[in-house]
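What follows is chain A paired twice: with chain B in the first complex and chain C in the second.
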Partner chain A sequence: MIELHGIRKVFNAGNPSEFTAINGANLQIAENQITVLKGPSGSGKTTLLSIVGCMSRPTAGRVHLNGREITSLPERFLTDIRRKTFGFIFQQPNLIKGISVLENVMLPAYPLGEKRSQLRIKALAGLDELNIGNKSHSNVEWLSGGEAQRASIVRALINNPSIIIADEPTAHLDSKLSYRFMEIIEKFKAEGKTVIITSHDPLVYDAAIVDRVITMRDGQIEV
Partner chain B sequence: MVLHPTVIANLLAAYIASFMLVYAAFYGAQILKYWNIQSGEELQLILERKTYLISTLLGYTFGLQLLSLFLYIFTADSLTPLFVGAMCAAGTLNVSHFGYSVLVLKILNFILAGLWLVLNYADNQGYDYPLIKKKYLLLAIIAPFIVIETLLESAYFLGMRADVITSCCGSLFSSENAAGLGSEIASLPALPMLWTFYGVMFCTLATGLYFYIKGKGGYCYAVLSLVMFIIALVSVVSFISLYIYELPTHHCPFCIIMEDYHYIGYLLYLLLFGAVVSGIGVGILLPFRQVDSLKFMLTGFIGKLALSSVLLYLAFTALVSYQIVFSNLIM
Partner chain C sequence: MNSWIEKQRYIIDFTLSSLLRRKVKNIGLLVLYTLIVFILASMMFFTHSIKREAALILKGAPEVVVQKIVAGRHDLMPIEYLDTIKKIRGVATAAPRLWGYYYDNLVKANYTLLVPPTQTTTTNISRTTVVENEPNSQSVDLTKPLYEVNGTKLESGTIIIGNGVARLRQIAKGDYMPFLSFDGNVMNLKVVDTLSAQSELVSSDLLLITEEDFRKLFGIDKQFVTDMTVVVNNPSEMPTVAAKIKKRLPQARPIIRDEILRTYESIFNWRGGMMIVIFSAAVLAFVIFAWDKASGLSAGERREIGILKAVGWETSDVIQMKFWEGAIISLTAFFSGVILAYIHVFFMGSPVFEPALKGWSALYPNFSLTPFVNIEQLTTLFFLTVLPYTVATIVPIWRAATIDPDSAMRFTGD
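And then the complex of A and B:
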């Protein structure tokens, strides 16, 4: 269970360019469900997602993860939570060019010190599962958009996180690949993972597998 | 003022330390007043972010403070040729009233800064800032001492004139001359002091090892390590120096840092100061063993501190014993 209490996020506070991205958001996100945050650009979806995923800190308010307050945690504890609890899928695949797909997928697991041979087996299994096992030794520059997206999904799963966070995952995918993405997400749900997606793509928030849709506008959650 | 690189380095270190501490103490006061981890208010979140920055800055500042004690002694020693009558740092420190006052403050601040670093390290191991108020309370206590030290150090270095006639260590630490603390310590009978030193050191090491193995007697070890520190400093003047110089009348605690004696004084003082800080650190942390977020690591850390302290005292004793055994002086 993720609980948000009175979350505010202000950028450039005190400057003429001050901007309130989120203004007093209260929310509870249930476990083992697919939750979609929808809303127009600038409504605060990504900001809220980055706070939930411990990638940024709120200006005010608290986030509880399974009953534990996480916003006050010192950075090194936060890093640990980020690594083990969350898997991130971004709008762009954000794969590192110049190294192979397999290396990209294994990268987030290196700080945890898992044996490389075991990690390799795990990464290859993940790539096989999403039908890109044959590309494991290819450089990421050679992948198509859909393949790159799937590689980034395997990367997000390498540390076996319990919560998957996806920020506009279908923004650069055609309909066929978007449906394929939603099938993968359905599988996550079946495995007991919690999925939080931001999207303004009807293909995502109208999908039957989605348990809850939260609408955001002007930094606030619409009831 | 004597324009010497070491004087400039001392003053710069003092000003940087004071500036950083006053800045940190300002936020420390806010933390002491407004800190409430249960609150999600904007101020609380600002303080959480600030403390991360301030703790990091203070870690370096206090590290600088620890070094500044040795830099101060080194400076006093290197300025010796400028003053008529000065033979070592003892004479340089005697050129004005402030020299020894600054030294005493530097010793006190070394211990306090070391203890703050110990407390800060322990606090950083907890996920919920368990020692934050204690840490900033200690900072509020230390800050005025460091500012006073800076003021006195400035008065000492800025008021320094090269034409001053000063006393040499032979007269400042003389067992013949009854006036002054140095001479009073020097006139303590050497052999009883030697037995006191070894007796108290044995008790300290035994208590430290007992605590390390059984986990009992930690407070006793903290007190004993402070007592041992004072006895060791007195012993340096009273009898250790005699064996190093191989002279029955030369009690100076500063000549031992000179090249002629292979800079052995720096090593002795480093061991001694390290031992006392880690020893008292044991006592400082003991009350927090039951804090939820610390209980899995603090016992291990306190044990390491106790072991470090014991090993440093042991190394100090071994070095002193080596000097006594291989000295040509027989008393």
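And then the complex of A and C:
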């Protein structure tokens, strides 16, 4: 269970360019559900998602993860939580060029110092599951858009996180690949994972598998 | 512990693949870095070994040399000074020496002509010299003269020449070498041997000649010699004996061996220093380049750090990665540079520095230096090259630390 209380996020505070991205958001996200944050561009979806995923801190307010207050934790602990609890799927695949798909997928597990042979098996199994096992030794620049997206999904799952966070995952995918993505998300739910997605794609927020849709506008959650 | 080691391995692996991804840039840097270390290390190896070599050879030089000074200039010395010197307490033996310089107009080089001690009136030298802290087996046998004659007998009309002279004049054993004497006559002297290559540093331009030929060549009367060498009973009494000589013979100038060693030392230090000044510009250019390369983060690198932090890398992991990056480049450059310098100086005879650092005339000595590496010097070089670069690569930590992990989420281009 993720609880947000009075979340505010202000960028460039004190400057003439000060901008309030989120203004007093209160929210509870249940476990083992697919939650979609929808809204127009600039409504604060990505900012809220980055706060939920321990990627940035709110200017004000508190975040509780499974009852534990995490907003005030030092960076080290926050990184540890992020690494073990969350898996991130970005709008762009954000793969590191010049290294293989396998290496990219294994990257989040490096700081944990897991045994290489085990990690390799896990990464290859993940790639096989999403039908890109044959590309494991290719450099990422040779992948198609859909393959790169799937590689980034495998990377998000490498540390076996309980919560998957996806920011506009279908923004750069065609309909066929978007449907394929939603199938993968359905599998996550079946495995007992919590999924939080930001999207303004009807194919995502209107999907039958989505449990809850939260609408955002101007940095606030619409009730 | 195992997971910590595994983590370091992962980070090093990733660092290596990062370095390989920017191949051209990093190889360029590595080459330049290696070149700088190579130049500095070569200079260090060279000056240190040559100083050591010179010191070892000069250990066999006379303890005290006495010259006669007239109007502040070195003058020929009357042979009767010898008796006065021999009578001084503390003097074991004294011997006259005949030597001088000859300018060869043909090759525009100066030779040093010396009459070997056996050719003059020297008696058998009995010594009680004790040399403290005698280095190792490489040290020169003190009973041997400065030059090696290999038992070849020097007779009137013959000479033994140094290797530098032989090379320059392209002559060898059996050839004749013409000399123009003081009265304009030509003297043709036969080369009967060349000097040992071992002592070439100081004997490259040396010519051994008989007393008779020497006097004929320069027109020096029998009652004069160039200077005298003195062996003292107790080496620690050298300055006292020198003072006594000065007192008895006010026109004499005694020079003790330590003073010669000191002069050589300062000459090589000066030469080494001169090279350092020349290369300091290159070093400075490298420092600026390395600092720029190491401390600056490109847009691609910033994006990468953003991604790494977003997928769960801590700031300290990124720091470690940058540390390994700096360490790999600087250590590779350091060891390659030092090894190349070692080969350059000790196996190839340092062709790069030869003209600047060896010898002081048209005759450059040609000899291989005894490999000698001073740990203290290597440590200094390490701290001068590896440390600044590694520190410079750590600087981006502070920048990396400021990259928010959510920057990867905001990144929309590819």
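Here, the second predicted complex is superposed on the first by the 223 of 223 C-alpha atoms of A that agree within 3 Å, B and C clash if a C-alpha of one lies under 4 Å from a C-alpha of the other, contacts with A are read in each partner's own complex, and residues count from 1 in each chain.
Keep this in mind: a contact is a pair of C-beta atoms (placed from the backbone, for glycine too) under 8 Å apart; a residue touches a chain by one contact, two chains touch by 3 or more.
A quick note: this is a predicted structure, and the numbers were derived from the prediction, not measured.
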For this session: Using the overlay on chain A, decide if chain B and chain C clash or can fit next to each other.
Result: fit
Exercise. If you stack the two complexes on chain A, which partner ends up touching A:Ala30: first (chain B), second (chain C), both, or neither?
Worked result: neither
For this session: Using the touch definition from the top, say if A:Gly6 reaches chain B (first), chain C (second), both or neither.
Result: first
Exercise. Given the touch rule stated above, what does A:Ala190 touch, chain B (first), chain C (second), both, or neither?
Worked result: neither
Problem set entry | Partner with the higher number of touched chain A residues, chain C or chain B | C
Exercise. Should A:Glu75 be classified as contacting the first partner (chain B), the second (chain C), both, or neither?
Worked result: both
Exercise. First (chain B), second (chain C), both or neither: which does A:Arg62 touch?
Worked result: first
Exercise. Where does A:Arg83 make contact in the superposed view: on chain B (first), on chain C (second), on both, or on neither?
Worked result: second
Exercise. Angle chain B-chain A-chain C between C-alpha centres, in steps of 10 degrees?
Worked result: 50
Exercise. Could you state the shortest Cα distance, in Å, between chain B and chain C after the structures are superposed?
Worked result: 12
Exercise. Is there a shared patch on chain A that both chain B and chain C touch, and which residues make it up?
Worked result: 75
Seminar exercise, completed: Within their complex, chain B touches chain A through residues 37, 40-42, 44-45, 48-49, 52, 124, 127-129
For this session: Spell out the residues on chain A that touch chain C in their complex, using ranges where they run on.
Result: 46, 49-50, 55-56, 75-76, 79, 82-83, 88, 90-99, 103, 107-108, 110-116, 155, 159, 167
Exercise. Once bound in the complex, which stretches of chain C touch chain A?
Worked result: 2-7, 9-11, 14, 17-18, 20-21, 304, 307-317, 404-406, 408-414
For this session: Flag every residue of chain A that touches chain B in the complex, lowest number first.
Result: 5-6, 8, 57-62, 71-75, 77
